[in-house]
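Chain nomenclature is as follows: A, B, C and D, assigned in order of appearance, with residue numbering initiated at 1 for each chain independently.
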Amino acid sequence: MPAISLTHYVVLSALLFSIGLFGVLTKRNAVAVLICIELMLNAVNINLVAFSKYITPADFVGQIFSIFVITVAAAEVGVGLAIIIAIYRNRLSVNLDDFDWLKW
Amino acid sequence: MDFPILLAILLAPVAAALILAFVPREEHMLIRCIAAVGTFVSLALSLFAYFTYNQEIGGLQFVFGNNMPWIKDLGVTFFLAADGISLPMLLLTNLIGFSAVFASWNVNNRPREFFILLMLLITGVMGTFIAHDLFIFLLFYEVVVIPIYIMVVIWGSSKRVTKEYAGMKLTIYLLIGSAFLLVGVIALFVKTTAITGTPDMSFTGLAAAAQQLSPFDQTWLFALMLLGFGSLISMWPFHSWSPDGYAGAPTAVSMIHAGVLKKIGGYGLVKIALYMLPLGAKFWAPYMAVFGVIGVAYAAMGALAQKDLKYVVGYSSVSHMGYVILAVACMDVIGLNGAVANMFAHGVMAALFFSMIGFIYEKTHTRWIPDMGGLARQTPRLAVGFMLAAMASLGLPGLVSFIPEFTIFISAFNNYGGLAVVGIAGIIITALYVLRAGANTLFGPPRPEYDHLQDIKGPELVPLVVLGTVLVVGGFLPSLLFDMINSGVMPLHAAINDALQLGGNF
Amino acid sequence: MLVEFAMQHAWLVPLLPACAFVVIVFLARPWQLLSAIVAVGSMATACFFATLAAIGIFTNHEYVEKPLVYATRWFSLGLPGMPDLRIDVGVQLDPVSAMMLFMVSFIATFIFLYSIGYMKGDPGYSVFFSYLSLFGASMLLLVLSSNLLQMFVAWELVGLCSYLLIGFYTHKISAREAAKKAFVTCRIADFGLLLGLLSLQIVFGTLNLTELAGKIEHFEEFTSFGMLTLIAVLVFIGPIGKSGQFPLHVWLPDAMEGPTPVSALIHAATMVVAGVYLVGRTMFLFHEVPSAMQLVAVTGGFTALFAATIAITQREIKRILAYSTVSQLGYMMLALGVGSLSASMFHLWTHAFFKALMFLGAGSVLTALHHKADVWEMGGLVKKMPITAWTFVIGGLAIAGIPPFAGFWSKDEILVSALNSGHYVLFAMAAFTAFLTAFYMWRMIFLAFFGAENPANHPQESPWTMTVPLLVLSVGACLAGLLGTPWHNVWGEWIRFGEAHEGPVNYGAMLLSIVLAGAGIFLAYTLYLKDAKKKRARKMAEWFGPVYRMLYNKYYIDELYLWFNHALVDGTAKLFYLFDIYVVDGIVNGIGAFARLSGDGLRVFQSGRLQNYVLVFFLGVLAVAVLMAFSGSTTAAGLVLGGVK
Amino acid sequence: METSIYSVIAFYGLAITILGNATLVIFARNIVHSVLFLAVTFIAMGGLFLLLDADFLAAVQVLVYAGAVCIMVVFGIMLIQRSDMKATNLFNRQTFAGAGLVALVVAMCAVFAGRTAWTDLVAAGEVPANTVQAIGELMLSKYVIPFEVAALLLLVALIGAIVIARDEEVKANAGN
């Protein structure tokens, strides 16, 4: 059985990212889209930590970067949910198909 | 350091605008007075500058900020300076700006916003004339566009075309013009920087470096600038914004637009395009002359067919600007003098014309010539102003526009012969349409529905007095204007001549 | 002492009325009488100075050859030491301008005086005097000009005043149209003149009269003969318009819409002769170009005859006078064309007196008859208005050419010089014109002042402000010609171009002239006075039906011009305008529409849905990634620049 | 680098858990189920971080993601969804287009992953054992400014979220 190498992590990350992307592109529910964004961010984190381990083991740059990503992601979820709630209050819907506001 | 007079001239309307922003919106009289004071300070200072400018020495004077870098990497400095070409234009701007405030005395729809925008407009126009840095020039030019659009759309009037259409057309044309210009300027900047290695956006720096460009480069760069400045000065066939725009615009905007804004095009042609790219100018001069003459004849004929007063003057200003283009195309001392002087003369005349038409419209609620007649009996002072402007428009000797036209004719006839004759024949058609408009508006049997009209009085007289005085004084003492312009044209012409002689050896 | 001062400060002469203009406009306007006094006073003072200056000139023979010139820079372009263009303004005093200066100010003074009475009760009383003053100033400036451009300025200013005064009765549409016509017609002529001036400036580098005179003598150094001919012709176009020569004479009869003093001053005595004066001033130019001289002579001769034929049939008193003015101006041109500045100026001088006199007389009649202008409705006025009538008769005798009245001497001068220069056809035309002149003038006099009274009229003699000028001018009309009798031609010694020629007195021409004048008067007498019912006159009109109608309608030239103006000029204008709206603007709007339509097309892609955008965004990401993969660059900049490479 | 068979097994097990649960997150028709699967994914991710010698990060992952974020999302759902949670998590109309694009992304990733010479990049050396201490020191020295900024960001996000979510009620109260 071959040893686990950087490539494995990268592939895992790519797959997870793709799954998240697919969700972002195709889900109707705004909360689901938010969740899928978290998946994509996690995929990135896997990459960062893996690179940290294999390429710069002594520097922790990747890990620290991941910590910041997690921080931002947490903030993003908070604000994102607040926005979704606000929209829901106004429109009584979180179905993205109901919204085509991004045009003039 | 001396008192920075140019900066003070530039900032006086800005200060007025700032104060206006804090005045309660109901205080109409206060608002007008603040605007009047702001423009008056500018006017007084620019008169002072005009008469203290040392013509013996010539060149750039009242220099400000030439060592004040603004964008270091692009070599941009906030360089203000005036020479014999910019000072008449500066004075013109202030004369018209000051008059425009009084011509808008009766604006009652949001006067505060109106005057704030007017102040900004005046500042922008002045800035273009005293900037000695190409970047700053363009910057001020863009400052001008925004208030114009807003003012046309809010305070304009819809006749043949809606004011929205007029405002849009005006703005888009100005922007397209400046887009060509911008491309030209950037190309010029990149090319010259590649030669000299040090970025420099000042007129003198660019001009010096541009002389090392190949004739081919100069030619296409000049073409871009000609397109840009040409659509500003409403060179045929880029003129169609002018009549529609003026017709839609409120009086003050028409005055400033026809009076000075258009002149930015001519000023730029002379002081930027010609000065920096003489070889290119040499190549394009015959075409410019043809466009100029077509513009003169074509627009004069167009004016003849009009029944709306503002359209008459709109077309007539296109026609007059044709003379300016023709004169620039001559590229000699007489022609350049004539071009600048004619811009000044036309500015004063057009502003007076538009202010009088504005009053007529305000009082009769029409600009349709067949609906008028006999106003000379009911509103004699208005008639005097109108006739003064009309006579200046047809180049009556004794008014400021005759000598400039004469010099242009001399130069054009000398350089282009038969072509110039067609242009000169424009004076006949001009006489025809101007007199027709004037006669049908002012003379003939008075109409009873206008019996109650009040003649212009009080503050409304200011445009007539200020601009009329300039018209007459400039007509009888042309040296007041020409000595100044000549002191600016001579060095410019010398530089062009040197470049052309060098260029001959290429 | 005073004479010296007047000569050195001749510029004061035009300045005085100019000041009057300013004073009236800004100060005196509300007070009618004050305005009138200011105007008349300033003009009288100007006349006083002008007389002194004229005395100064006419006491020193030097000035005939060497005019007194003082000028100053008006403006200049180019280097101060070596200007590319320099225009001077100044004063040139020589016998010709001194004579004009005196004549203009003298006649103007009396016409101003006359206007006080004539304009009584008009709402624009003060304005009228301000215009008159402005006109006086401009005309005197024109006369004194030492520079052609300066003269052109004054030339246009008198045109402006003419415009304002023709259209003085602003409420009348006919006046408005006549004023416009006058201005535009003169403008067409000025276009030619301007081209001429431009060419002179370009070729000779100066417009100062004395300098030009010096340079044109050696014109070969500057230009070809053909060019000089062209210049001369161009310059002559100006006078054709201003002095009402064929084919630009159409404005002058219409100009009678103005108040009568205006007709007398501007459209008879002074402004219209500016054209003659200009040709006289630029005689040095025309003298070099015989073909241009020929043109001047033929134009003058033809106009004289042409206008006289029209005058025969006209009915309105001022119109007859107007056509006679055109005709007399033709005489002056003819004289210039045959090379006699002296004769031309002499006729100008005498004509000013008798024609002003006749116009003022006509004005007096019109006031009395409440502006009923048709001579056929007058008759027998001599009984009620003796002063007007008899002064008018003096004018009639003068213009018909009966000795010793003024017109005889000057007309004789012209005929003799035409004959002496060998222009026999022109001489014949001029002689025939003399006959016609006598006929139509006396036709008018007999119809208006003699014969049976028209009971519908209740005429009264005019007040003294109007009759005094009539009397003064009638004295002028009697005596002004005695300066230039063939036996002792003082005039010819002073006012001349080239050498004064003393030829033998041509009694034959003199006799012919008298006979023709007498025949004309006699014919008029038989047709219009003796035959009280005017049967014969009517029969004549019937016999010559088509000719009569053609003459009465002024050869349909006005109609032709009107058609040209409306159909051709306005039509073309309309065409240009439509072209502008639909083609030029069409292109502009087309570009706008293209932008809008393409925007509409692209709008489909702007769904407004977040997830659509994400999809497209990632497509972009993919594209960039693929590009990177294939170009081998790893940075965006490398990608762009690599692609360019 | 020595790799034990257990770590290989652990990697594959965790990978399958992560991918499988992530797929379930997408395909679950009930949004609440989705969140549950998401929690599992996050916890598995924590395991993966342990495998990568990132102890501290693993703890943070479990705490922040599996704990805070999931709970927050659940609260969010509870605030906005109907009582019936069936069919709350459906696909939209561009599912197939999205699938195509994702396939392309996967292909692209595969190409790049294949083309990159990973082995050249890999450096020798081990991750130090006491990561928590090392990260703590770095956070308060080299990365102190980003650290503080992140703290500020969180504060701003907190306030922002409250403001946005409460907006309507405040208005309603003001109306009363």
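To be clear about the criterion, a contact is a pair of C-beta atoms (placed from the backbone, for glycine too) under 8 Å apart; a residue touches a chain by one contact, two chains touch by 3 or more.
Remember, predicted model here, so these are calculated numbers, not experimental data.
Any chain touching chain C that also touches chain D appears here: A.
Once the centre of each chain is set as its mean CA position, chain A and chain C turn out to be 92 Å apart.
Chain B and chain C have Cα centroids lying 35 Å from one another.
The distance from the centre of chain A to the centre of chain B, with each centre set as the mean of the Cα atoms, comes to 59 Å. Centroid to centroid, with C-alpha atoms defining each point, chain B and chain D lie 63 Å apart. For chain B, no residue reaches two or more other chains under the stated contact definition. For chain C, residues touching at least two other chains, in rising order: 611, 615, 618.
Across the assembly, chain A contributes 21, 25-26, 96-97 as residues in contact with two or more other chains. If each chain is drawn as a node and touching chains are joined, the picture fits none of the line, ring, star or complete shapes. Residues 21, 24-26, 33, 96-97, 99-104 of chain A are the ones that touch chain C when the two sit in their complex. Every residue of chain C that touches chain B in the complex is listed here, in rising order: 73-79, 84-85, 149, 152-157, 160, 167, 170-173, 175-177, 179-180, 183-184, 187-188, 190-191, 194-195, 198-199, 201-202, 569-570, 572-574, 576-577, 580, 584-585, 588, 592.
Interface of chain C with chain A (complex): residues 603, 606-611, 613-615, 618.
Across the interface of their complex, chain D is touched by residues 611-612, 615, 618-619, 622, 625-626, 629 of chain C.
On chain D, the positions that touch chain C within their shared complex are 92, 94, 97-98, 101, 104-105, 108, 111-112, 115.
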